[in-house]
Amino acid sequence: MNRVARPAFLDPDRLFPLNPAPRRLARAIYDSVKDLPIVSPHGHTDPRWFADDMAFPDPAQLFVTPDHYVFRMLCSQGVDLSDLGVPRVDGGATETDGRKIWRRFAENFHLFRGTPSRMWLDQAFVDVFGVEERLNAASADRVYDHIADCLCRPEFRPRALFERFGIEVIATTESPLDDLASHQKIAASGWTGRVITAYRPDAVIDPEFEGFAANIEKFGALAGVDATTWAGYLDAHRNRRAYFKAVGGATSTDHGHPSARTEYLPQSEAAALFAKALAGQCSAEEADAFRGHMLTEMARMSLDDGLVMQIHPGSFRNHSSQVFARHGRDKGFDIPMRTDYVRALKPLLDAVGMDPRLTLILFTLDETAYSRELAPLAGVYPALRLGPAWWFFDSAEGMRRFRELTTETAGFYNTVGFNDDTRAFCSIPARHDVARRVDCAYLATLVATGRLAEDEAYEVAHDLTYRLAKQAYRL
Amino acid sequence: MNRVARPAFLDPDRLFPLNPAPRRLARAIYDSVKDLPIVSPHGHTDPRWFADDMAFPDPAQLFVTPDHYVFRMLCSQGVDLSDLGVPRVDGGATETDGRKIWRRFAENFHLFRGTPSRMWLDQAFVDVFGVEERLNAASADRVYDHIADCLCRPEFRPRALFERFGIEVIATTESPLDDLASHQKIAASGWTGRVITAYRPDAVIDPEFEGFAANIEKFGALAGVDATTWAGYLDAHRNRRAYFKAVGGATSTDHGHPSARTEYLPQSEAAALFAKALAGQCSAEEADAFRGHMLTEMARMSLDDGLVMQIHPGSFRNHSSQVFARHGRDKGFDIPMRTDYVRALKPLLDAVGMDPRLTLILFTLDETAYSRELAPLAGVYPALRLGPAWWFFDSAEGMRRFRELTTETAGFYNTVGFNDDTRAFCSIPARHDVARRVDCAYLATLVATGRLAEDEAYEVAHDLTYRLAKQAYRL
Amino acid sequence: MNRVARPAFLDPDRLFPLNPAPRRLARAIYDSVKDLPIVSPHGHTDPRWFADDMAFPDPAQLFVTPDHYVFRMLCSQGVDLSDLGVPRVDGGATETDGRKIWRRFAENFHLFRGTPSRMWLDQAFVDVFGVEERLNAASADRVYDHIADCLCRPEFRPRALFERFGIEVIATTESPLDDLASHQKIAASGWTGRVITAYRPDAVIDPEFEGFAANIEKFGALAGVDATTWAGYLDAHRNRRAYFKAVGGATSTDHGHPSARTEYLPQSEAAALFAKALAGQCSAEEADAFRGHMLTEMARMSLDDGLVMQIHPGSFRNHSSQVFARHGRDKGFDIPMRTDYVRALKPLLDAVGMDPRLTLILFTLDETAYSRELAPLAGVYPALRLGPAWWFFDSAEGMRRFRELTTETAGFYNTVGFNDDTRAFCSIPARHDVARRVDCAYLATLVATGRLAEDEAYEVAHDLTYRLAKQAYRL
């Protein structure tokens, strides 16, 4: 991407080792990868941005209201989510004045000191918008006006930013109940940006999902089968997966379950659970078993259709009943839980784990699993790969810990590059940049401590930045 | 505090980063906070020291016999606790010769290499007593004599040391069954040192506490109510909390439970559990549920009276049956356990977690909870704050891990400064000094790696050292 | 050991701190310990090597086929174990051409970047065989030929290498069902190398072990008692332990259980469980209780015969059913599990934990237990010591974490030096070298940050490298 002159608060050597020799080496390795295209195989940008290419409405709508990293921190210090424009379930009034929201954000900007949000925001302000002063209460209006002015200009429309960011491919995430209209519109538009979807079937796999039975009806209708029978239900998955591949360019599926539990039940038992689920009669244990069995079914389908599989387990969703009742899902109250993988994955791995045609990418919110469970599993099963540091851990320290805790057991080549996993479009270059810096710092440290040769470090850096993501996600 | 010339073994730059630039910066930041007053909002010093202002009896009674960090390490290498003067439950003979105890300690001083105790002891020897040689078998008697001589002098009495240490306020910890006589005596004495209490009601909240029913009788008597009814019991808490505020200056409560479990039961159910507890008929599960419910009751009372609430969960107390039988509680055999917070705190948080008037400070002995559970919780709930690294982790590496594992998710401003949490009075300046050094080193590293501006680092250092503790504990 | 000129890819300062001052100090400390004899108190070398002193067959049989660290990584990227010569349970064909196996290994050598295997292999290639180029597809044949040539020469026979490696003593590990013929042959040969055994009774303690009842028959026969009664069974242990001491020079026992659970049951209850175990009628829970009880029995026997006890818990053995069926045990599919120690060890510790005559060395594959459970336990119980970083964690980062997470609570003197724990004979000098480097780096960092005096660092380095292993294992 094009870069404007940077103000002093964006250190060109940030995140590099402190010693002169490895610092120089980290910078040199980084220079060799910093301009590589962005491959973003997992994320939550809105495909309508690229389909419609409308201007973003205002700085608050771009940086504050949709970013749960940002509004959760403000909430933690007593700022009401309604005052940040976060919509209410009951349709009640929330703040709509972008400038007022922005000022609340700016007054509290010190809360982000030491957080990755601060790094992403600073870099987006500077690199994307050319802001030249630090955000605080005093500069709030000036920064707001500057960004607001930018947003009116065509070069700040989504497609222009996509191109300026150097995105080679970006994956969005859709439910099988989505018709992929935006992806079709993008394809029909002649625009060459590659925006693909990913198949995220939680709404039709989790018996505890809101409206499960109705979702299955709609699922069958979209797939053109009767999805209320077990055989029809599996066919509906096959059809929608094929549709997501053909129409949305999908190369992967994604599964967000409370735990990593898998099962491989006899078909009759799975069918019986499905019938109970449809009837709304699953116990919590049965719902969990059904979800676990479906992971193995998804893996088996992946062997047929080649879709790469991702599992993102271990989040206690919507922890605050009060916030869930008032503002709904995904409002920053998802909290990681201790997660077991060793026993949980065994049924699936016994079924398909030794098959190198399958790629199953594992994520965790429980960092204790990195060295104890995930690296040992990914370091031996041909089907397994380790996803990058995720969510609370897609930060400088989090990514450093990921490398330190996984590389010695799983090496680099059982990992899959970086995921930005974000709804915050303008943070994408910054997030990838942080990952590249942390990896280069790690590699330079390995070289400086005699654990890797210098020529290998350059090669690994290129692999981690670009090749492994393309290879693992079959892009 | 006044400082004597330091011998070579106390490096003025200890714990700072190794690279010249961040080392200089760490030193500069540290220089800006090192002389700030000590705010000690949680600890276990004996209020009688400050009430009576008597000389400490001898070096062994000051440094060895009361400090479980010290005698547990000696015990681990086969030194009998009786030979260190630790009292026996049966009143049997234990070593009473301070010099003999000191010699055993000195002969084994190498055991403390690399431990925080070693840092605290060295600094206390040098800074408090002006000792000029390292402790070992050869120097044992000389060091003993030197310290013993000091202890005879008025400037080594508790109040003089309190003032010399620069303590602005220190909190002790008392049971509701305590009459706060020492605190009253301090207040009546005209001495200006601020020694406050904290309300620690485990003895009247935990049905499994020794003498629970008798404790409740006494509790009611002190509160002037019949505490054997549920309503009376809650009133007794209200009364004693008010007494602790008015007479002891308390601004906080503290709760040491086996787990972080909370409950918010219907009042009738809580009343029934209380009746069972009084009758000694609670099962282990019922006792646990009652403790959990009482945390929510305490939080609700905090909304009324403004006392800040602390939870210190997760210690398996008195692990060795043999040592407990011979020497009783608190003899170094408390061992951390794996602790869950996410499900455990939900009942309390659903009741009061979104109310910014409440401040609930969480501690852990399970460091895996820092990044996985506690930082995510404190980083979103307005009522939650993260207590500092505690007990086994109030060390250089422990405090570094605390910052590295919590800052990126919870920031600095959901933390509350440092707690020394100690019975070892002379270690207090050293403990605060270590915390200040580690924080300054961390901040300097953030600056040197481009994650924080230099002016912000100074401001954060001041906040971590002084302002946040005063604010969080309402001091 | 004698050292050949090293090619550039083996940095003489590898693993040392990056800053000049601590780097120099680390080098100086390392120079003081690098040539100390190797004490290897726990491992899995084959005693027949030293008994028969035959040449190793070829480079692949030496470096690839027996080393599960190596073949598991190749397997993780889709290389079939059969193609690496790993034997099949059904006796089916596997690759026998060492050169072909070696080429597969060399082509995939980049997979080991950043892993400890890479460090051990590089160092063994250079230091043991004088290889002068990096292994890769291009150099595969040259390196193979060079090593194969070496293996034909007498100075590369096992005894010559043992002497060249500077091994003062090495322990192998045998089952009580082993007759120790190789150890007897070594003793009778007049060769002065000290190769001792260790008593590893899992096959006669674990009711779930393959062939448990038949094992007990054989066990009794070897011990000359009827081991099918509870009293006879305990006598058989006493007899075989005595035999292992007398004939095999054993100073230790070793126990590899799924968990750290201990029990101390009434003898009648233990006897009843044993009878059930013999009859193949134990439930999983009963088998676990029996294993737990036997740990306490073993500890009690250790009080009598002085054998040091080791517990290696927490591995989920043979995770892949498919690989277990095809290739059997120990094929790289052992995965660590979360392990609890605090409750698990209490029965044993209440029985014998305060007795300083016992030495019980604890290991873990769950690094979260280091600071939370193991250091606090070893830092207070006289009978406990902390084993070094084990298996997935006997690496540079793993050993650093071990020191950082245990030293502050348990000190250095509740640890026991290094274990190489390996079947890969040529990696032994490299593994000990890595441990010495990491420890020296850690000590130099403590000195540079003012936490340890320089003279103490030299003394601790000597203790960690040599003295503590000899003392703890009574060698």
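We just call them A, B and C in the order they show up, numbering each chain from 1.
Simple rule for what comes next: a contact is a pair of C-beta atoms (placed from the backbone, for glycine too) under 8 Å apart; a residue touches a chain by one contact, two chains touch by 3 or more.
This is a predicted model, so every value here is computed, not measured.
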item: Graph class of chain-chain contacts, one of line, ring, star, complete, other; value: complete
item: Chain copies touching (chain A, chain B) - same or different residues, decided at half shared; value: different
item: Angle, in degrees to the nearest 5, of the Cα rotation that carries chain B onto chain C; value: 120
item: Geometric centre distance via CA averages, chain B-chain A, whole Å; value: 40
item: Multi-chain contact residues (two or more partners), chain A; value: 19, 368
item: Complex contact set, residues of chain C against chain A; value: 9-11, 13-16, 18-19, 72-73, 75-78, 110-116, 118-119, 134, 316, 319-323, 332-333, 335-338, 365-368, 392-393, 395-398
item: List of chain A residues in touch with chain C within their complex; value: 17, 19, 21-22, 340, 342-343, 346, 349-350, 353-354, 356, 368, 371-373, 375-382, 384, 404-405, 407-414, 445-446, 448-453, 456, 459-460
